[in-house]
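Below are two complexes that have chain A in common, paired first with chain B and then with chain C.
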Partner chain A sequence: MAIQILLNFLIACIWMFLQSDTSTAAFLTGYFLGLLIIFAMRRAFSRRYYVYNIFAAFSLLAIFIKELLLANLSVLKVVLAPKIKASPGIFAYETNLEKPWEITVLSNLITLTPGTLVVEVSDDNKILYIHAMDMDDADKAREDIRNSFEKAIMEVSR
Partner chain B sequence: MTEISKFIVGFLVLQGAFLSLAAAIGVLRLPDPYTRNHAASKSATLGVLSLLLGVFLYFWLLKGEINSKIILGIIFVFITSPVAGHLIMRAAYNIGIPLWKHSVQDDLKEKKRKESRE
Partner chain C sequence: MRRTNRKTNDVILQTTVQTVFFIIVIYSVHLFFSGHYTPGGGFIGGLMTSSAIVLLLLAFDVKTAASILPVNYLYVTAFGLLAAIGTGIGSLLYGMPFLKHWHGPVHIPFLGEIELATATLFDFGVYLVVVGVTMTIIQTIGETE
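Coming up: the complex of A and B.
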């Protein structure tokens, strides 16, 4: 992915030199042409066309913000309820992600999810130990993590 | 236009203050360090974020100057506060602070016991 972006910058710079015009507009035109060229040459790269990854990163950011809002609502509900009723606990969650940065992003996401907080990551990076505010919701949380977060992160790193 | 932006700024700042208050109440009311950490790491994050966003929009829409340091501040808080929550949680667990008595499940205990036996 990084190599495609670098190549795109290079094409934009070459375009500027061809025009002998160093304005931002020329750079943007060249960048757009570079996008087209890289799209046409996409089978020459081992990774997929990098615009998809950028979209995936933005959708991951959207998930982050949405979960942060939901998490705050649920914390508000627990904190401001007349009587504290929670059944906290720690559950183990096996992750399929492998690279360290993916696991870091996943744990940050989990921490900002309603009712869950990461306590520990096992030494082999396979199991996350997650403290949940309400163990009744833990199965739902597990499904959520598996289906939406892991998928979104994999989509970015594909 | 100014009225709308004033309304948005006011709403964001009030929401941030309210969430920070809720985080403080949560820290006082919840029973054990782990659940307290839930309140502190979530509500305080969004509280600070919306306060900063409100300040940014105030200077942008009403004073006409873009202060990029505030944007950087938002990004830093957004990245670092979950990590801080996680580290406090982990340190608390490793020095052996017990869970709340109504806790129902503890998978990590099994693992720790296995490790200490080895």
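Coming up: the complex of A and C.
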């Protein structure tokens, strides 16, 4: 993915020099042409066309903002409830992600979402220990994490 | 409670530091260069740079941080002092009093006319001394068992 972005920058720069025009407009024109050229040559790269990854990153950002709002609303509900009914606890979550940055992003997302908090990562980076505000929802939380965050992060790094 | 030396998995801290480090360093350089017209300068810039290195020390251990940045901070301090004294002695060469500073437009290729001041070199000396002294203090304390 990084190779494709660099190549696109290089194409844009070559375009600027060919035009003898170093303005932003010339750069953007060259960048757009580079996008088309790389799209045409996309089978020559080992990774997929990088614009998909950029869209995936934006959708991850959208998921993050949505979950952040929901998280704070649900905490508001717990705080304002007359009786504390929640039963806190810690559960393990096995992740399929491997790279350190993926695990970091996943645990930061888990921490910022409703009722869950990453306490510890196991030494082999396979299991996240998550503190849940309400243990009754642990299975549901596990499913949510697997279906929304982990999927979205995998989509970005694919 | 007995103190255990069990090492926990710091993957989250280490990955975060790997990205945050560069943001702090570029911010400290910005602070250093903004010192002339806006708040900032060599002192706060140097402190910010050394705080970035301290963050490295916190996330990794002393040995790893030393292998990432193989710098003897005593030399950094000495070089900073040399830079500060050098700007003072430079003015003597032009028949000016000690530490008389000069500023004026300089033509640099690609960048055009830029107003440069020798006070920046003095500030750079301050920057290096602050980085050197802070890191020497922290490393010395950190290495003693």
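Here is the rule we use: the second predicted complex is superposed on the first by the 158 of 158 C-alpha atoms of A that agree within 3 Å, B and C clash if a C-alpha of one lies under 4 Å from a C-alpha of the other, contacts with A are read in each partner's own complex, and residues count from 1 in each chain.
Everything that follows uses one rule, which is that a contact is a pair of C-beta atoms (placed from the backbone, for glycine too) under 8 Å apart; a residue touches a chain by one contact, two chains touch by 3 or more.
Just so you know, these numbers come straight off a predicted model, no measurement behind them.
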- Item | Side-by-side fit of chain B and chain C on chain A, or clash | fit
- Item | Which superposed partner A:125 touches (first chain B, second chain C, both, neither) | second
- Task: For A:133, decide between first (touching chain B), second (touching chain C), both and neither.
- Result: first
- Note on the structure: In degrees, rounded to a multiple of 10, the angle chain B-chain A-chain C between CA centres equals 70
- Query: When the two structures are overlaid on chain A, which partner does A:63 contact: first (chain B), second (chain C), both, or neither?
  - Reply: neither
- Task: Examine A:107 and indicate which partner it touches, taking first as chain B and second as chain C; both and neither are also allowed.
- Result: both
- Task: Name the contact category of A:86: first (chain B only), second (chain C only), both, or neither.
- Result: first
- In the superposition, chain B vs chain C on chain A residues touched: B
- Once the shared chain is lined up, is A:76 touching chain B (first), chain C (second), both, or neither of them? first
- Which value in Å is the smallest Cα separation between chain B and chain C when the structures are fitted on chain A? 7
- Message: Identify the residues of chain A that lie in both the chain B contact region and the chain C contact region.
- Response: 107-108, 118, 120, 122
- Task: Please name which positions on chain B make contact with chain A in the complex.
- Result: 19, 22-23, 25-26, 29-32, 34-35, 37-39, 41-43, 45-46, 49, 78-79, 82-83, 85-86, 89-90, 93, 99-100, 102-109, 111
- Query: Where on chain C does chain A make contact in their complex?
  - Reply: 8-9, 11-12, 14-16
- Query: Considering the complex alone, what residue numbers of chain A touch chain B?
  - Reply: 64, 68-69, 71-72, 75-76, 78-80, 84, 86-92, 107-108, 111-112, 115, 117-120, 122, 129, 131, 133, 135, 138
- Note on the structure: Contacts from chain A onto chain C in the complex sit at residues 100-101, 103-104, 107-108, 118, 120-123, 125
